[in-house]
Each structure stands twice: as structure tokens, then as C-alpha cells.
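Note that the chains take the letters A, B and C in the order they are written out, and that residue 1 is the start of every chain.
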Amino acid sequence: MQKAQKGSGSQQGVSVAFIRAKKDLQEYEEIPGIKIHYDTGNPMQIKMSVSPNEGYYSGAVFHFECQVPEDYPNKAPEFRCLERIYHPNIDLDGHVCLNILRNDWKPTLTLQLVFAGILHLFLHPNANDPLNKDAANDLSKYPQDFTRHVQQSMMGGYVGEEKFDRVA
Amino acid sequence: MNDNEVGNKYDRQVRLWNPNGQRCLANSSMCLINANTTASETLKNLVLPGVGKLVIVDDGRQTTDQDLASNFFLRDNAIRSVRAVEMAHTLGQLNPDVHVEAEIRPLDQLLDEPQYWSQFNCVMVSSFLESPELHQALSNLLWNQNICLIEVNSIGFYATLHIQYKEQDIIETHDNSLDDLRLDLPWPELQKHIDSIDLDQLDDQAFSNVPYSIILTKVYQKLVSTSAEFSRPVPSTVRNFVQSELRRTGDETNLEEACNRAILVLKNSKEIPGNLKEIFEDDELDCGDRFWVLVKALKIFYNNHGVLPLSGVLPDMESDTVNYMALTKLYREKFNDDKKELRGYIEDKEMFTDSELSTFVKNCRYMQVLRGSRKLFSGNLLVENENNPRMIHNLNIYVAFLAVKSFYERKHRFPNLKDRAKLRTVAISLLCRYQNVKNFPEGLEKVLDEICRYNGNEMHNTCALIGGVAAQEVIKVLTNQYVTLDNCLSYDGVNCEVRSWSIGSS
Amino acid sequence: MIRDTRISTGYALQGAGPFTDKEYTREFGETELGRAKILVVGAGGLGCEILKDLALSSFKEIDCIDMDTIELSNLNRQFLFREEDVGKSKAEIASRFIKQVVKDVKIQAHFNKIQDFDMEFYRQFTLIVCGLDNIEARSWINKMVVDIAMQHTQYIPLIDGGTEGFQGSVKVMIPTITACFECYKQLIPKQTTYPLCTLASMPRLPEHCIEWAHQLKWPKLYPHTKFDADDPEHVTKMYRMSLQRAKDFGIEGVTKAKTLGVVKNIIPAIASTNAVIAAACCNEAFKFITSCNPNLENIMYYNGEVGVVLASDEYHKLVDCPVCGNRPREVVITTSQITVEQFANEYVKVRFSLVEPDIFYNGGDIYNFKNGNKEDNRLLVEVIPFEENSNDGQLHSKYQLIVVDKSLQNPLKLIVKLE
């Protein structure tokens, strides 16, 4: 068996995914309420913070990690919320349920659009796609409780049995 | 698929033909006449998936340099040994579950014993037989015993394949449109369930969990009831209704699904495919064979209800677990009721197991009955396809093989480059037998010239390809699943094309 | 006595037939066949067939790469392996088997990932045949041959076979000249995905229960153990979790087979389809190398579910293909004293009328106008590597530089030439 000689594979040019991520980021136009940080040498890992200026979640800051997959843009980028938050479409582990990140992903979508999609989730949480069932139920049936629970959770308090991270 | 079979060596194929298909393969027996490369490449694809028994008939011929040049399953040291024995040995090593043996008695002797052939489920001949009489005898014998005969030939970049069977009755055609929603014709229990859901009373969240089939049925019934006389609503009307009358927050994915599937309202549950109508009128309906007993029961069911039994297949729909499971339960119960009723129409109640009946009910809409023929060619094909040059080209390849066969039967050797003129003469006299063929088909000469270049020799890639196709057709015949070729094709490795056609019995 | 495959292939090579290019000669066909060096990527279901078919097509030098080891479930189609080979390298066992049967073929096995090798390695081959089961590896090889064509004007055809159940396809791709694998990507059906909220709160299908266990439950329960679908113990655990989930929701149909099928994304595979697709690949390779007959126009489709369908079709290059869409432009600098900033501004931004370009290569960033690089007075030749080009003897940048910018539909690829 012949072992690999030059081992690294760096001879190969830059991957399609890498170039596309670079392009998306180069064309990114600032969205009010969103800040992104990344190492220009590694556009595949992006840190994002979301500060909604209206709605249930206004006044808080939420941090996300975005991982651009190797077969981007054929596959959607992956997001994870770093704080434990009370949100119908984000579970306690930080998974995000957003249609354009799954079934409705298309290679023509860009990072700009999915960033905006995440912000949209905070401005208009959607009770029909529950990832946190209790939160979705509250939002749909007891909107006033929901508002109160959001406030409590953002202060780092409890909702029911669960304790949440302080984000306000 | 049984859980003990997980991760076993047949895992990847059982996912295609299920454990019942795999059992059919294991219990099957197949005969291959002529131990050339086409045969060994076909056999490999039958040994690997586990066809129980394979017998090679080859008149005790010895391995030559020509054999070694293209046959992977003959080793260097097989030279001048009996090639069927050598091939059976190397192929047998591929799968310990399979028994591969060489039959060294000559074919003409075996043809004198009709009972010898009854052990086989399928027989394949992988090159021309020495005489037309032998071919006739084999074909007669198998036709009478209703055993499938596959004839394959391969020279240079060309190959042909012809399947002779009296009748193929296929229930599991693996048609992927088994969904059977009955939007236009809900049975009473389903109607009751639909009526119990009052969309106006539901809050937004509950509303967004109503499966689209219920929404479409409600819209369908609403539109039918408001029109003066019965007319089936069209999808665009349904979509408009959903958008204008039902939309609430705009986030309802179930409504989106309903709009995307609105075309389903056009599906008439009472309509059955044309070929099923023909099957219901078939002469064999009362013959008492297992398959026809099922068909007869199905026909009674259809005549009583105007619809087929419910397939029980429900697609996934945006909904919550409770709503969806309630729907699943209704469909499953109806499926079981229909199956039970169908069993009632079969005299011998023990004739079929529950799983056999389930398979039948689930797939009956798309079952197929294929009737073969014993004719090797029909001049009509050349006339009908006059304006289709690609088809004519592939028909030319088939005609060229018929000419080579005729040449071979006369001279006991294959045509080479020096025989080009002779082969053309043979082809012309062959075509003259078909009265409706007026002209020498366009491009036939080139095809004849190409085939002469190989002196009857096999090229490995062509054998491997046609061997793959042949094995696949054998597997379809043995498992009685998917749809067997009806009934002839030619392969052109120069242009990488196959064309197939049916040679009818009339 | 030794096997001579040319007794069979010789008929095709002896002279021009009725469909052969008129300039064909026997000498040409035989010489090209004799000196061709073929790379086979993948020694699985297709790979075993491909190796056999190439060896019996009289190819004399073949290399084979596969990073996988043999599994029991391979044996229903990968006929060069036996039960006692389970756990060993596919590339090595397959190559050894072929050598035993066809003695005059030189086969070199590489128990490696394709990414272990560099451009120089791939440049030694005349033609590459791929029998892979995943898109990532195909894309990687495709980009490699396109880059080789763009940087070295060396055109290594890529013949790609793929199968799924009774269906398959063959693509013949001449880098930068015909459609490349990336151009075909839009034809690939989207993989089934389930919305997370369905998995989390409203499962309906057995698949939902399995994916819930796979994506949500496992990482939570075993945060430090990555799920391994090849570990039977892991699979059993996953199956139990899925089954429990299904029971909780009253869903039927979770079996071990289904669990494995979902978590491993198992694609059904049978010997016969592999045989057809591999043979078609090797037939095209043989015709391409020898010119004894014409090649198929771009792509062949196979479907054996209903009768037999095998048809070829034309497929055109995508104008804006991210891989083969535009050739690299040459930027000539006449002195090695040019700074990075000068280069970025004068030779890239101004020359190509860009707005605020980002310039980088596989070794890292070079200059980014948007994120406001400060003055960069380093010399370009000290920042990116150069090498002597074999065609013109001049110094060329060793790698392509990539430029992205608002004003560019497609990224710009640059080769810097120092004269």
C-alpha cells in the first residue's frame, strides 16, 4: 500500500462552499438588530447576535453559532442558540425550527436571508411549528401568559420547572 | 424485512423485494445453456443475490484462449478443461448459499427428457444453438411447461435479449403511487370523522393541525354542494377557496400542502386503470389458478361497490400526532374491512394467508398481466417505426443478429469481415419472408458491417452489461415483482442505447 | 499459458468500422490503450465491477483508491470480497483479486481518502472512473480535474457511475469542455429532511421517531459519544430509543431495519444494476482512450423497474457553474516588488472595475476591501507561493486566487504571472 505523500489536500483549490460563504459574507448588508462576527480566514463558522427591537423579545440579546456545511449551498447552514431560552421555535438545547433551514432550503438562498429569518422568529414567533411545545401552547392559547413567561425567562428566571439564561 | 436479517449480506436488496422476494430467489432453480462470458456475467448477478440453484449446460466444451480473453470466471489454469465445470466452480465460490453445478450431458440428450426441465423456474440461452431444430425443441418444451426462456446474444458492441413466457401475473409491480385518499368518496366512518371537525370552532393552532386530506374533502364537498349540477371542482378553484376562505395567520403549512396537492380533487376513485378493466374481462378468470382466484374475488368486490378495496396507504401530512393517528386508524380499519370482505368472495378460505391478501389489496390497482409470444420477429416493427431513426437503428441490430443466427446455423461459424456481402444476402432473404417489409431498412448495412468485425466474438463490457440486464429480468421473473420486459430489446454499445419492443402473438 | 485479453479487444481495434472516425488506425488504438493509466475511485459495488471490466478491456495500468473496509452487507454485490475479508481494505483486497485473475495488469491500491492526494498525484492519470456512493467525494474529484484543466491545460476525462436500486446513470465529463459534475447538481433530487418541530412535538411516521432519536435524543443522552452507524451496539440503542418514542405516540412500524435505513441513509443496491452501470462506464472509457467508436453524448440513464430503459442524452454546461463556469484570468506583473495592497488595488479592483472585492486563496486571505485591511506593504511574492510553469517557463502563482465582489455574478479566478 502506498501511503499518502503530501497528506493535507491543501493543493486542491478553495471549495465551492467556502467561496460561496465568502461571497455571501462580502455581500452581506447589515440588518438592524443583527451583528455577525467571523474570522475572515474561516467563513464557515459565524457567530451571530440578535437584538430584537420590538415584539416579545425586545431588549434582549441572543447569541447563535452558525455552521456552514461542506456542501453549502446545496445544504442549508446550521444554527444553534447558545443560551437556554423560552421560545416556541427554539428548544432548550438551542435547536432552531425554521422552514428555510430545512424543507424549504434552496441553493439560491443566502446567509443574509437566513440571518433575517432568525431575526423574524423573534419578531413573530410561530405557534404552528412548535419545538418548545409549552411555549407554543402558551403563545397560541394564553398570549398574556406567554408575554409574562418571555419576560421571566429573559431575566434568567423560571418558567414552570425550567430555568432560563439571563439575556436581557 | 425481518429484524434478524438486518445487516446481513442481503440487506441492501431485501429493501427492494422484501423477504418474500428473497425467499422466492432462494427457492428458485435456473438453467443456463452455453458457458460463455455472457453466461458467466449473468450468473454472477444471480449467485450474489442468492438464487438457490444454478445449472450450466454446455455439452462438455473445453476452455479456449477466446474464452479466457473475456471471461473473468475462468482462470488461466482452466485452459482445455471442461469450461462449464470450471465456471461452476469459480462462480460457486461467490456465495456459499448457492449451489452451482455443471451439467455435462449434451443438450440434445437433455431435450429428450421433458421432465428434466420441470425443475427449473427459468432457462437462459446465452448464444445461438447449433441448429434451428434444437432451438425449436427447447422453446416448445418450455412453452408447454410455462417456464420462462430468456435468449441473449452478444457480439462486439451489440447485444440482444428476448424473453419468451406464456403469461406473467405480477401483483407487486412496485408502482409508487399507492396512495388512496378517497377525497371524492369518503366511506361513512371517514365522513363522520370529517364532519366531527368544525374548522370554524378551532383555534389557530388546532386549525393548523388539520390534515390536508380532510381540508380538501371539505372544500370538495362544499364546492360540489354549491354548484347547481354535479361537476368536479378544478384544482385552481380549490386553491382559490383555500386561500380566500380558509387562510388565517398565513403560517398554516397544512393549507399550503392542501394547495400543493389540490390536483388530487381530479382523481376519480371509481375509475380503474384500463389494463385492470382488461384483466377483469380475461378468459382465464375462471381457470382456478391462485392469481385468477384473487382477480375473480376483486371483480366481485368492484362490481358490488364500484370502487376497489382501499389500499390503506396514507401519505405523510402536516398535522399533529393525534389528528394524524386518528386518520391512520380509519384508513387501516377500512383496509382491513375491505380485505375481509374480499376473502369472503374466495371459496377456499384457507387458500391465502393474511399477508398475501394484504399485499394483493394494497397493490391490486396496478397489477399487470403480461402475455408473451413465441415469435422471434415481426415485420410490422420496421414499418411502424419507419419515421423513428433511433428505433430503426436498434431494430437493425436485432435483424443483424437474426441474420448472424441464420448464417451460423448454415455454416456453423460466425461471419467475419470477408463475409460482409454474404451476410447482407442472408439479411435480405430473411426480410423477404416478411411481406410487409418493402425496403432494406435505412442503415442496416452499416450495422451488418459492424457486427462482421468481431467474428462472433464477445467483448467483456458488452457481456457484463447485457448480463446485468438479463440477470435483472431473471430476478423479476423469479420474485414475480416489478415489471418484466415485454419482450425484446437490443443494446447498442456504440451509442450507449437500449430500445425495447413487444413482439405480439398475432 | 496466460490470459490474453487482446484476443477479444483486438477485434474492436483492428481498423475503422462503419461508425469509427475515419482517421482511426489500429496502431493508434493499440498504443493509446497500452499507455493509458486509469484511476478507479471507489472499490465498492461499482468499483469491483469497474476494476474487472477495465482489466478485461486490456487496460494495463490501473490505480484504485478507497478509504473503506469491507462489511458483511457488501457481499451481495461486491464479488471480489469473501466473508473472511470483512474488516480489510476494499482497495487492497479488490486489487489483489484482480491481479490474481488477470495477471498482466498492474494495479496499485490506495487505502486512502481521495483528499490525501494532491494535484500532482491526479495529474499522472489519463482518465478517471468513479464508482462512488456520495456527492461530496464526486464534487471533490470533479473540482480537481477541472482545476487541472484550467491550470495545466491537461484534460483528464471523468466518467462517473451511480446507482440506486434498479436505477443508475453514467456521465462522461471532459473538464471545462462538457458539463462537469457541479453542472449536474441541479438534477440531484433533494434529500428528504424532516422539520425539527415535527420530530420534537408531532411525530407521525416511524421515520420521525428515528430521526428524533438520532438528531435530538442521542446528542443529549451521550454528549461525548458520536453516534456510529457501523457500531451494532449504537444501532441497537438508537433502535430502542426510536421504538420507545414510537410507543409513546402510538406509531407503528419502527423496526431495526428501518432504523438502520434512516440513520445510515441506506440506498438499496443490487449486483445487476452495478454490472450494467460499471460496464457502461468502462465501455465509454475504452472507446474514449482508443477512439475505436464514438462516445455517448454526456449522460446515460438506466431504469430496470418497468421493462428496461437505457438511454443517453445531451446535457449542456451551466454558464454560471461555480466550478467550471469561468476560466482563471491571467494577471501579469512585471516586477516582484509589488506590494499586496498595490496588487489588490491596481491589478484587481481597478482593472476589473470592482466595488469592494475580497481576495483570497486556499492558503488564506490576501486582501479584503470591505473589512478595511490596513496598509499591507508586504510583497505579493512573499505572501503567495509561485512556481515555474512547465508550459512557458515563467513563474506563476501556484494556486488560483479567488475574488468575490458585489459586482460579480461568479467569483473571479486569477493566476498571477511574473514576467
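Here, a contact is a pair of C-beta atoms (placed from the backbone, for glycine too) under 8 Å apart; a residue touches a chain by one contact, two chains touch by 3 or more.
To keep track of the chains, here are their UniProt names: A = UBC core domain-containing protein; B = NEDD8-activating enzyme E1 regulatory subunit; C = NEDD8-activating enzyme E1 catalytic subunit.
Note that this is a predicted model, so its numbers are computed, not measured.
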Item to check | Distance-to-centre winner among chains (Cα means, whole assembly as reference) | outcome: C
Item to check | Of B-C and A-B, pair with higher C-beta contact tally | outcome: B-C
Item to check | Distance between chain centroids, defined by C-alpha means - chain B, chain C (Å) | outcome: 32
Checklist entry - Can you give the whole-Å distance between the Cα centres of chain A and chain B? => result 48
Next on the checklist: Using the touch definition from the top, which residues of chain C touch two or more other chains?
Outcome noted: 201-202
Checklist entry - Multi-chain contacts in chain B: which residues touch at least two other chains? => result 209
Checklist outcome for this item: Residues in chain A with touches to at least two other chains are numbered 99, 129, 136
Item to check | In the complex, chain A residues that touch chain C | outcome: 1-16, 19-20, 22-23, 26-27, 40-41, 70-71, 74, 89, 91, 93, 95-97, 99, 102-103, 105, 129-131, 133, 136
Item to check | chain C residues within the chain A interface of the complex | outcome: 89, 92, 108-112, 115-121, 135-136, 139-140, 143-144, 147, 182, 185, 188, 193-197, 200-202, 216, 219-220, 322-323, 356-358, 360-365, 368, 370-371, 399-400, 402, 404-406, 411
Item to check | Contacting residues of chain B [partner chain C, same complex] | outcome: 1-3, 5-13, 15-16, 41, 44-45, 48-50, 65-66, 68-70, 72, 75-76, 79, 93-95, 156-157, 161, 173-174, 209, 316-317, 319-321, 324-325, 328, 445-447, 449-450, 453-455, 457-462, 464-465, 467-469, 471-473, 475, 482-486, 489, 491, 493-498, 500
Next on the checklist: Using the touch definition from the top, list the residues of chain B that touch chain A in their complex.
Outcome noted: 203-205, 208-209, 249, 251-253
Item to check | chain B-touching residues of chain A, taken from the complex the two chains share | outcome: 99, 126-129, 136-137, 140-141
